[in-house]
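By written order: A, B and C. Residues from 1 in each chain.
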Amino acid sequence: MKITDAVSGALLIALGLFMFWQASLFPSFGGQPYGAALLPSILAGGFILGGGLLILRDVMARRQAAGGPLVSLVPELRQGTGMAALLAVLGNVLAQIWLAQPLGFIPVSVAGLLVLFLVLRLRPWVAAALAVGTSMVCWWLFAGLLRVPLPRGILDGVL
Amino acid sequence: MTNFTKPTRRGLLQGAAALSALGMMPGAAWAADYPSRPLTMLVPWGAGGGTDATARMIAALLERKLGQPINVVNRTGGAGVIGHSAIATAQPDGYTLGIVTVEITMMHHMGLTELTHADYTPLGLMNADSPAVTVSADSEYKDIASLSEAIRASEPGTFKASGTSQGGIWHLALVGWLQALGLEPGHVVWVPSEGSAPAMQDLIAGGIDIVTVSLGETKAMVDAGRAVNLALMGTERAASHPDLPTLSEAGGGEFALATWRGVAGPKDLPQDVADVVSAALAEIAVEPEFTEFMNSRGFGITYLDPAAHAAMMADADGLMATTMAAAGLVQG
Amino acid sequence: MGFGDILLQALLLVLDPQVLLTALLAGMFGMFVGAMPGLTATMATALLVPMTFFMDPIPALAAIVSASSMAIFAGDIPGALLRIPGTPASAAYVEDSHRLALKGKLNLALGTNLLVSCIGGLFGVGVLIAAAPLLAEFALRFTSYEYFWLAALGLSCAIFIASADPLKAGIALLIGLAMATVGLDPTTGVPRFTLGHVDLMAGVEFIPAMIGLFALAEVMRGVIRLNHNAPPPPMPAGEGALFKGVGGVIRRHPKNIVRGSLMGTLIGALPGAGADIAAWMAYAVSKRFSKTPEKYGKGHVEGLVDASAANNAAVGGAWIPALVFGIPGDSVTAIVIGVLYMKGMNPGPTVFIQNPQLIYAVFMIFILTTLMMVPLGWAAVKASRQVLRVPSRVLLPIVLSFCIVGAFAMTNSVFGIVIMLAIGLLGWVLEENGFPVAPIILGLVLGGMFERMFMTSMIKSAGDLTAFFERPIAAVLGVCVLLIWGMALFGAVRRMARGRAAA
């Protein structure tokens, strides 16, 4: 996603203002003028300054040459199935966040990877084998060897 | 596995149903044959620290007694809030236990969480440590009486102390001690630090005057001859340091406090499950492997059974409430 | 007991086949963990702790020493191959090593990493053996004032690393610093920017953020390119001997190796500053004093030399305060101290008197594992090069899976994945728009220490700013920081004036 500097500048200023507002709510520290709000306020000032400079620079550049649209997608995302691939990647991550707790790591991982491999145009049986294999290796390495508490979900009694 | 290689929808559904049925089975049958699968022990503090080491030792011994593997999992951050929340919100089936530390009686007073000690099923207190008043070896104060006198006589803000974050247990130790001396909580400035190691470093480097952390945390520097323990803020002397007087013995004021670590499960753990674990913990507390380990780290062993553990937490909660209110740390 | 006897005893302890086997296995484990994006040397050590419970002291320490030094080197491998640093210590020069690999110089990049890491590691151990008590004494003079200036110096590195667009690099640094303020405030304990979310109280965990910023963003870019009509050409495999040309690099840059090793050891010896900060500072210094600073970040081997030497030298350096005073030099030695206590080798000067044979055995293990790094690293590079034969459409989803479980493993909860996703998306958008992401990592690494030390110092001095210059070391460091910023501002003003005159 391409964002013009003027727009990112405006976003940064908004972020700076938000941080100022939040920081003003932090309780002060033992009656001293500095405390939890000090660094966030300085950083907020930095964001506003930096955002302002970005806008200024962009506006000056636009005066010399005609600017493009404010926000646009990179060409790769508009052609082919780039968008589908991107969504499949994000879908995999989101599925692990939302569905892994009830269903377990392995089923979510197998299903998610299968979709992703298919979107990347692998043959179905290769995709299925890879999805199952990758999930199993991940489980074995992390849950087995490294004892990471990956969610067991519906496979609780089997593993 | 045929379900995976031939992914017909019906096959998958049947497989999933079968798997979930299998998953339910141990859940329904635990009461009689607990534990029948691996356990998780949650630790609210980081790997390598004192609580982590204690937890891993307990887990290793508990594993032997219960006959099931116990996976120690560190859930760190947020001054202990995150790990304590994870223990309290786990399924109360006995398969997720955790180490609950003194912070559970402090965090809710600061408004960091709603959780209190009442959200847990105590299974046994395993350790308690009192802090010591420690100064640098080149400090002009050689005993606690002269230090207390000097603090009393000084302008507020002359002396500086450190050991943990603002409102942490060692900060409260200082506040309680100052109150016992009849002074304002801010008479000695508390310099927040991230744990005891940076505080000890700052003490030796000459940045601060006093450190109030546990004996185990000062051990290396004291052994190196760089720091000196003046008195223990406990009701009696520590077994590991029989020569170190308590505050009241040495004329440093009447105050005692301790940090502690206990094993607990979420609230409403079934009684038979809790009994299995607490019986095992009572045995572990007197096992030489455990006592030798605790001594080597400079940790005190104080075992309390579940009922006494619960009563102690309630007491500690009250003490913390008054000390924290005095320090101006109570929110809301 | 004479010194010769001690050495002989130590040697016998080390040459026990059980010790050697443990070191070898732990080394392989460290290689694997380091090469996995997101799994760090600290994690390798933490995972070994339960096993060391049941070992004798020497094999237990051998396992930790071996795993942690291998992990620091192995972090370079995915950095060069995929532009995904395996550990934060490799993030400083990931751009250079990856671009070298794109030019078909993968062997040169990794070969240099490996040999220089080994030299730096040996240097750090040498200093540890020769001057541990002396250096620890120096490190003990650091109070919060000195640490504040040190953190400020680290952040100033951003000026030197800053790329084509200093404004955007500065904003990226601010973003990193702002992320570091999320969570419970270290000094006052109040929650900041947590938006009422319990998990956010722990702050933005650093490793999931790095996985997101580098690995997830790379996967996203990769899959988009894959399905585009004209995917870019694959990376040249770079056949031939691994160490070809490396000798030349080392001969050309002896000064960089010494400088990097020295900085790494010193920074490592300072409690709380480890291999990550050492690598960043060594890279920045290297660029500042290089004859060709314009080549940095575009596939130049010189910065690699400094930073690789520094991060492995820091591994040995961190043991100095740990052994002498029981104060951890970094997160790995924080764990080591626990193990030392457990094994009855209580750290402190007395350990050198009471158990000299154990200490010298540890030193020997250090030397042994550092040398072992070369053959093990060679094998690891050979093996991981096979990754290049795997087509991207197979490799990227696999990398994605490892990112997800790696991020989960850091927090032991789904929240690690949430951080990875949020910051990965942010990093992807920022890179698309010309913001460099490396300064974000620098801000995240140093932000906490910078603020904590500033607040601690202000509380101690009751708000008096002159206290920041009253202690000698603090004054020297402070003047350095002010000079760096003064010169940078002066240069910027002069460039602007010249630009105006030319126009």
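Details
Following the convention adopted for this analysis, a residue touches a chain if its C-beta (ideal position, glycine included) is under 8 Å from a C-beta of that chain, and two chains touch if they have at least 3 such contacts.
Source: prediction; values computed, not measured.
When each chain is reduced to the average of its Cα atoms, B sits farthest from chain A.
Closest to the protein's overall CA centre, chain by chain, comes C. Taking A-B and A-C together, the chain pair joined by more C-beta contacts is A-C. Inter-chain centre distance (chain B to chain C, centres taken as mean C-alpha positions): 31 Å. Centre-to-centre spacing of chain A and chain B amounts to 35 Å, using the average Cα coordinate of each chain.
Chain A and chain C have Cα centroids lying 24 Å from one another. Shared interface positions of chain C, defined as residues touching 2 or more other chains, are 187-188, 412, 455, 459. Touching two or more other chains at once are residues 27, 29, 147, 149 of chain A.
Shared interface positions of chain B, i.e. residues touching 2 or more other chains, are given as 73, 166.
Residues 4-5, 7, 16, 19-20, 22-27, 37, 40, 71, 73, 166, 186, 328, 331 of chain B are the ones touching chain A in the complex.
Looking at the complex, you find that chain B touches chain C at residues 47-50, 52-53, 56-57, 60, 72-79, 81-82, 85-86, 110, 112-113, 157, 160, 165-168, 189-194, 197-198, 200-202, 204-208, 219-221, 223-226, 293, 296-298. Put simply, chain A touches chain B in their complex at residues 27, 29-30, 107, 110, 128, 132, 147, 149, 152-158.
Listing the residues of chain A that touch chain C in their complex gives 1-3, 5, 8, 12, 15, 19, 22-23, 26-27, 29, 32-36, 38-40, 43, 46-47, 50-51, 53-54, 57, 74, 76-77, 79-82, 84-86, 88-90, 92-94, 96-97, 100-101, 105, 109, 113, 116-117, 119-122, 130, 134-135, 138, 141-142, 146-150.
Touching chain B in their complex are the following residues of chain C: 45-46, 49-50, 53, 140-145, 183-184, 186-189, 191, 198-199, 201-203, 205, 271-272, 324-328, 331, 334-338, 341-342, 344, 346-350, 411-413, 452, 455-456, 459-460, 462.
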